[in-house]
Structure formats: structure tokens, C-alpha cells
């Protein structure tokens, strides 16, 4: 009968109208500035550099300026300049550190390839999306100081990843210390020791990608 | 035009309260001016009431559509100085009005300045004229005309003139084409609109809206009101009136002119700022006036649905039914798709006009057989219903010949 | 009440004259529609509501559309039509005929005895009586007018319709 | 032009597009009566993105239609030649930005065929789950936009978006981004979904048919919908096959060609699902194809969730960096929501592909837009374009 399809349609919209008052599934508006948005843990926006602690950020940067992320980044938005001198890192081994580490967030597309390929877990994905700058160039070019954030912040953003990364790094440090202690003991035991064992090469990149 | 209304019954009741206020004001002026002040007062009342009604129809439309679509709708606008006051968006229309007024009013260089300026003026003036004859309450009728309905349609047709002036005045090829298309739509739906009203005139025997509203008084067993919509021919006439009113005011299934599938935004392309707001307001005034006429003719005007509900003043019933019809139009807008221009005119000429003519015959049959009582009344209802339903089904089947939902086979 | 009469008369004649003088065809068409509205105002002034609303409904609503469409579709309304005489002989002929017609009209107007005092408007007859009159003694005239209009409509359709093939199957 | 030429043109017009008719489009000179040329787009509310149609109108009917695109060309394939294989993966999200997961899989499929990389079972199942969820997202988007072109004031679109948002929230909690997932790698998937994620996805998929039923009661039987779409934009099966059209547009014309059945890539042969086929090939059939395909996808997803195996999501021997496939070429293709999406790679042993070519189903389905629109009005042309379902990121690359 002509018009029956239209009546059914009106029925559906009426059901949705009534539903919008009592059925949460039919009221989808989230009033954003008033109710803060609940981001999933895996959410990623721009990268940030992890530092061991908040007190001395430039001193305890995990990044050793190996420039793997600079080469792998598809839009080439990372710029690194190695330092001249070396600085002992968390495991006590002297490592380089980045004198200049800049990310142009106007170019970065938050694809997190840099996080995947970084062998030192030095760069992780941030969750800030309210990014506004007064000018397009300087405002969006984040330098080393702006990028560095403490490990505690990383724990706050991605708890499961942070725990897994800390577990792995802790194990590595323990292994490095035992080797150092064993080397020291061997040196103490036999006064004319052989040349100390070559410090372990950075963890081969072939391991499964950390999320 | 008698100046003095029928003497209101003594004692203050809500029904005649507005009349007492009016008489109190009118008598404060010298005799020579009383006639002028009396009409000036009713004009200002209509303008303020229906101006606010227009404002809150826009906000109601946006919030109702939002609720149909599982979202909230505008709820942010409050008062500028009372930031903390939570007003659920009620001041949104005034914010829109300020925006429309302050926006730059661009007039194209090649435009015909006179026509371009005159079009919104004419369209608002004529769409407001329709309110003069609507009986808002038992005693509240601005102008008691003997040929009220003829006056209403005379005022309505002039809006076509304004749309032509807008289309031609903008000196823009596409807006002229769209104005032509809008005119084709208006003219082709003028006929079903008037034909759907004629049965009411035939049965009540008068063109005056006040008498029509009075004719629908009374209830059988105190519960069933004698509104025209509860008779077969009245129901059919009401449906045709609804469809034609939707088309006349360019709303939902027929909003061809400003459809994006059209070339540009119809004859309103070259208008901006306050003139565009005027067109927008005229559309809503036209819609409200048509709904008011629909309420008066078919839904019993200011008559209360049940005898005991007479205590509520009549003008509240009228405004309630008017708001009900506007909500129905918004509901239709939230659901239905748009018709193509050829389907639209085919629907009018090949479906609505024949049905309206048959409905005219149906009303004649109804008017000639008031005497049938008892079992004959049932026969009367059956015949009248048959005259409506049978052609509806036959014409409907011919209209939708070849269109049906299909069933599908599956390959692998 | 004569003030209202003079005002309406002045507006009506003004619109008609402006319609004649205006170069833009569309403007003159719209001024013509204004003149028709003036006539409707006359009817209202005389108390004949039904005729006034019928006049507005028919002329201002429908016939104006026909006029405007005709003007639009036949010739570009915007271009000013050239208004001058081809030759002196034609001009003289034009003036003579205009003078003759004006003379006849004036003679008729002055000749008819019109009592100066405005007669009191007759009792307003209701639409129902009007309907009875139309359907009673004047029924034949009404039907004939209806037939003529239908014939005119069909004639227009026959002339306008190009033999379009049955619209292609959807 | 006398009257006879008018009927001559009509004969010419109706012959075009029928088998045996002139394949060269009849050229209409300007003096055939006042043809009106209208340019719709690139900023037009109803063309999906920056797409322009130069339409020549004879009164109401379309006589000529020239699609113009390229406004969104980003040189994707040349950039891919100067980026490593892994580096191009995030760019494939930006090709068809409505279905990034299935585009990722198509690219991973091609690279795995190139390098002979194995993929563990759990990853194969996850890829099917993601591809079918993307099909739900894309088809609900399309149906919503189609009704917007037909003139509803956003109501069906917002119902469809309500369901789509739930699926995008799942993608975000899994891969980190709603539309730019960058989730597949060569040899498996990047992240193993948590049990809570699988439970949420299962709940969503079970609730999807209820949304489809509500949609169908509201719109499929609607008389105005039937009048506006049935018989509009008819596509002849032979022409569709000749033009290389694939996907729901081809199946709506009656050719039951679905790569999931033809190629049997991934673990699709293990799933039992059916491929709906239309018969009239008009806009209504294309709409119904999407609705019925969504119902089939729900069946596939339910089977996939039921027997999702445990195990690694990434092949242990997969190399992330320093990936140098041996010289050669490979063409990997899959049944994307819009049609056959293929990646053709030529490798010369270096870490960057020597040639990287994408087979965009949207662009190829667009070639016959004019044949479908001839004889219809502009309002129909907008609806026909909507029913073909193009995304300009994929058309222009």
C-alpha cells in the first residue's frame, strides 16, 4: 500500500527520538570541553624522548643518537646532530648523546615507525592532541628540551608498554653489572688479565618490535 | 467590519481576559482613534506572538532534528552577561538573528537593484497577511471576513510573485532557472491545496473561518469531537492538505530549490545577511499560516478535544494544535528523502489532483445525506470511506508501478 | 472616505503611467500587477470583499505569472526596447487614432449621469447569497466561462507541446 | 536544428551504450539548442571530496559529462620509489582513508609474495577480522553518504556514523589511530589484540545486524527511495567487464566476481559466506549489494572470532629493517570494499622498490560514470556518483 514504507521510516525515527532520552546507545554526543575525552592506552600522537628521571633531563637521555629513526622516518621529519664527547649511560657504558634532536611536528604524521625501529626504547608516542602554535614554522619545530619527558610520564601514558620496557632494560642492566662484576673479579683474581671483554654491542635490532 | 466584538460574558475568566485588556486599552483613546488603535493592537499582538513563535520554531527544529539523530542540538548559547546561567540553547534564535543582521548584505553589481530589494519585502508582507483571518480563540479573530479563506489564498499566491522577482532580480542564470523550478512546484501544488479545502467549505457552507471553527464544536457522548478530520472525506482532505502545504512552503520531501543536487542554492543564491534572514522568516511564517489554516479547517480550530477540557482557554488549544503540526513537519523533515522535480509534478497532477476531485464528490455525498441515522449512518461511513480508499489504492498502484523492493540471489 | 478613494486612484493611475513609461519590460509588467492590486483596493473600498479577493487571487496570483513568463520566454526583458517612430506619416496616423479613442472615452464618461454625492454602500451581501446567485440565474454564464477557459488551456497545450516521444523508459 | 535532428540525436543517444551501438560518444555541437554547461565541483557539497564533473545539459537531461580529477594527487607512487618498503606502509593508510586496514593488508600481501615471507595462522585470522571490520566501516559510510545525496537531512548518515564510530574506537584502542592504523607488517600484524578487545569486538559484531535491520525497515522499502534509485544509472554487465569494473558495482550488474572466492587469498577458503549478486545494475542494486555484503561480513567475523587460534602474530624470521627482497616483481591483490585493490611491485634487490604501482578500484569504477549518467538529470548524476563509492585519495593517489 502506498505510504507504508514512509510510515515505517517515521516509526524508526520516532523510536530513535524516544530512545535518545533514556537509551545511552542512542545518545552519542560527548560534550568535549566539559567532559574530558577518554583516550585508549594505545592512542599515539607526536613522539617524545624518554629520560630516566625528571631532575636532570638532558643528562639522562636514553637516546644515543644512532640516527636509525632519522633514516627510517618516511616524511623525514627528525633531525639529529651527534655530540662530540661521550657520556656514560644508565648501564655505565660511555655513549654519544644527541647535541641537537628536533622533530618538525608540522611534518610528522604520528605513524610511530620511529618507536618501532628504535633499539634503545629512547623515543615513545605521546598523547597530546591539543596542539596549537602561533606560527607554522618555529612554533611546531620541537627541539630536544621540549621533546624530553621523564620515564614516569611514559608510565602514566602507556602503563603496559612502560612496564615491559622497564623489565627488559632492568634485565639488561643486571646482565651488564654481572659482566662488569665478573670482569672485575676475573681482573682481581688473575693480576695480568686478558683484555676486558668487548662491551656488549647494542641489542641487535632484529628482536621483535616493541609495541 | 463591526468594531465592537460580541459583548464578552461578565466575570474574569481566561477565555475573555485578552478582550478585557484590549477594551481597556482601546477606551483610553478618543473615539476617532479607537478604530485605528483596535486594529493596531491586534497587529502588534500577532507580530510579537508569531515572531516569537518563529524564533522558537527554528530552535525547536534544530533540537528535534538533533534528537531524531541521537545527538543533543544547540545548547550552548546563554545570556552575554550571565555566563553561568544554563539556558539549554533557548537564546539561540536571538543569537542567529543578531548574526543575520550584522552579516554583510552583498548585492551583485549586475543585479536589478529595485527587484532585488523588493523581493524579500513583498514575500514577508504577503506571508504575514495570512494570519489576519485565522481564529486563534473563541473571541480572538483579528478580522472577521465573510470570504476569509478566499482572502487567505489570495495572500498566499503573491509569494510566487516575490520568488520570481528574487530569481529575476539576482541576474544569475542558475537562480533564474531555480526560481522557474520553484514556481513550477508552487503552481502545481496550488491546485491540490485549494481542492483539499473546498470539501470543508462545501460541508460547512461558508467561507468564513470563524463559522468553520464554530461548526466543528460539540462532542458525541462528550468524548468524540466533531472535527472534520474524523470524517472519511475530512481525513483524506487533511492528508492532501498536508502534502500540498509541505510543497507550498518548500519543505522536506519537496525542498527542491535549495537542494544541493540543484545547481546552486536556488533563487536565494544572491542574498545574504538580513535579506536572506527575511526569506527564511517568510518561509516559516508561510508554514505557520498554512498550519494554522489546516488546524482551523480540519482539526477543529480552537475547539477542545473533550467536553470537560473546555475550562482550558480556547487560544491555548489553537496554539497547541499549531505546535503539533509544526512538530509533525519537522519529524517529516528528519525522515524523508527528496523527490526529483519530475516525480514531484507527476505526484501532484496524476495523484493528488484526481484524489482531491474525488474527495470533493465524497464531501458532496456526505453533505447530501445528513439524514441517514442508525444502520444507515454506518452505510454512509462505509460508502464515504470507500470513495476515499479505493481510488487511493488504485492510483497508488499505478503511481508505483514497476518500483518494488527486490530479492537477490547469491553467486558462490 | 473620499480621501482613501483619491489615494487609491492616484496610486493606481501612477502605477499605470509608470508601467507605460518604464523602459524595462519586467518593471512595466510588475507595475501592471501593481495596477491590478489597485483595482482590488477599489473593490475593497466599495465593500465588495469577494470580488476583491477573487481579483487578487486571479490577477495578482496567476495572470501576472502568465504575463511574466510570456515576457521572459519571448524576449530578453532587460534590454530597453527602442521607442521611436519610423516615419512622420506613421506618427500623425498614431496621434489621430489616439485622439479619436480618447474623445470617445471622454464623451462616454461625461455623458453618463453620475450623482455627485457618494451613495451609501449597499448592505454587504454574504458570500452564500452570492453563491446562490451564481449557481441560480447566472449558472449558464459561469459554465460557459469555465468551458472557454478549458478550451484556451487545451489550445495552449496543443500549440506549446512539441511532439515529445513518450519519456524514455526509466 | 530541425525537429528531425532532435529525434536523430535521441536515436544516437539511446544506441550508445547498447551492444553494437557506436562506441565513440556522439559529439554535441553547441547549436543543437541551448546546451547549458555546468561545472559541478571541485568544491561541491555532494561530490565526495575534490572531484569535478563538467556536465552539459540539454534542458533537464545530461548530454555530456566529463569527470575531472587530480586535485588530490600527492605523487604517492614516486615517493614510494624513494622510501623503504616499511616506510611506504603508513602512506598506504592515506590511499583510501576510509579503509586503511585492508589497504595495509593488500600492500603486505604484495611484499610477502615478492619476498616469500610466511605469515602465522593467528595473523591471517586477525587480517581477515580487520578487513571485514573495514568493510563494515566503508559500506556503512557509503550508505550514509548515498542517502545524504538523495536528500535526507543527515539522519541516515548519523545512524550509520554511530555504528562506524564504534568500530573506529576498536581500531584506535588496537592500533593507536582511528583511520591511519598502520597495523600490518610483512609477515604478520604489529599488535596482538587483548582479550578485552576481542570481547568488545565480538559484542559489536553481534549487535550489527540489529542496526542493519533498523536501517532496512527505515529506508529499503521507502517509496521515495524506490522512485529515486530504481532504474537510475543502469550499468550493462558486458560494459562493466570490459571497463575492468570490480567490486559491488560489478556484482550489482549481475557478474558474481569476488576475489575472496576467486583468489582464495589469506584463509578465506576456510570461511563459508555467500556473494550477493544483483540483476538490474542500477543504483538500488548497488545500495542493496552493500547492505547484503555487510550481513555476510558479520557472518565471517563471527566465524573468525569463534576459531581464532593462539600463537604469535608476527613471523619470528620477519626482518623489520634492512629488508631487501630479491630482484623480481609481484602483484598482490585483494577484494577491498570498493573492488579489486592491487599492488604491483618491481624490486631490484635494493631496500627501495624500483617500481610501485597501485590498482585503484575507485578510479577504474569511475570510468563509466558518463555512460551511467547519460539521459538522467543532475539530481540523478549526484546519486549515481554516490552509488559508485569513490574516495578521492585513492582516485588521485
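All chains are identified by letter, namely A, B, C and D, in their written order; residue positions are counted from 1 within each chain.
We take it that a contact is a pair of C-beta atoms (placed from the backbone, for glycine too) under 8 Å apart; a residue touches a chain by one contact, two chains touch by 3 or more.
Quantities reported herein were computed from a predicted structural model and do not represent experimental measurements.
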Q: Report the chain whose mean Cα position is at the greatest distance from that of chain D.
A: C
(Q) Quick check: more C-beta contact pairs at A-B or at A-D? (A) A-D
Q. Rounded to the nearest whole Å, what is the centre-to-centre distance of chain A and chain B, using the mean of the C-alpha atoms as each centre?
A. 62
(Q) Could you work out how far the Cα centre of chain A sits from that of chain C, in whole Å? (A) 83
Q. Distance from the CA centroid of chain A to that of chain D, rounded to the nearest Å?
A. 34
(Q) Give the residues of chain D touching no fewer than two other chains, as numbers and ranges. (A) 155, 159, 162, 218, 221-226, 230-231
Q) Mind pulling the chain A residues that touch 2 or more other chains? A) 2-3, 6, 9, 12-13, 16, 28
Q: Spell out, as numbers or ranges, the residues of chain C touching 2 or more other chains.
A: 170
Q) Considering the complex alone, what residue numbers of chain B touch chain C? A) 112, 114-115, 145-147, 150-151, 153-158, 160-161, 164-165, 168, 171, 183, 187, 205-208, 402
**Q.** chain B residues touching chain D - in the complex, by the definition given at the top
**A.** 65, 68-71, 173, 252-253, 255, 259-263, 333-343, 400, 402-406, 408-412
**Q.** chain B-touching residues of chain D, taken from the complex the two chains share
**A.** 36, 38, 44-46, 60, 147, 149-155, 158-159, 162, 218, 220-228, 230-231, 251, 256, 258, 261, 274-280, 284-285, 288, 292, 377-380, 382-383
Q) Along chain B, where are the residues that touch chain A in the complex? A) 64, 67-72, 331-332, 334-336, 392-393, 396-397, 399-400
Q | Sites on chain A touched by chain B in the complex | A | 1-3, 6, 9-10, 12-14, 16-17, 19-21, 26-29, 31
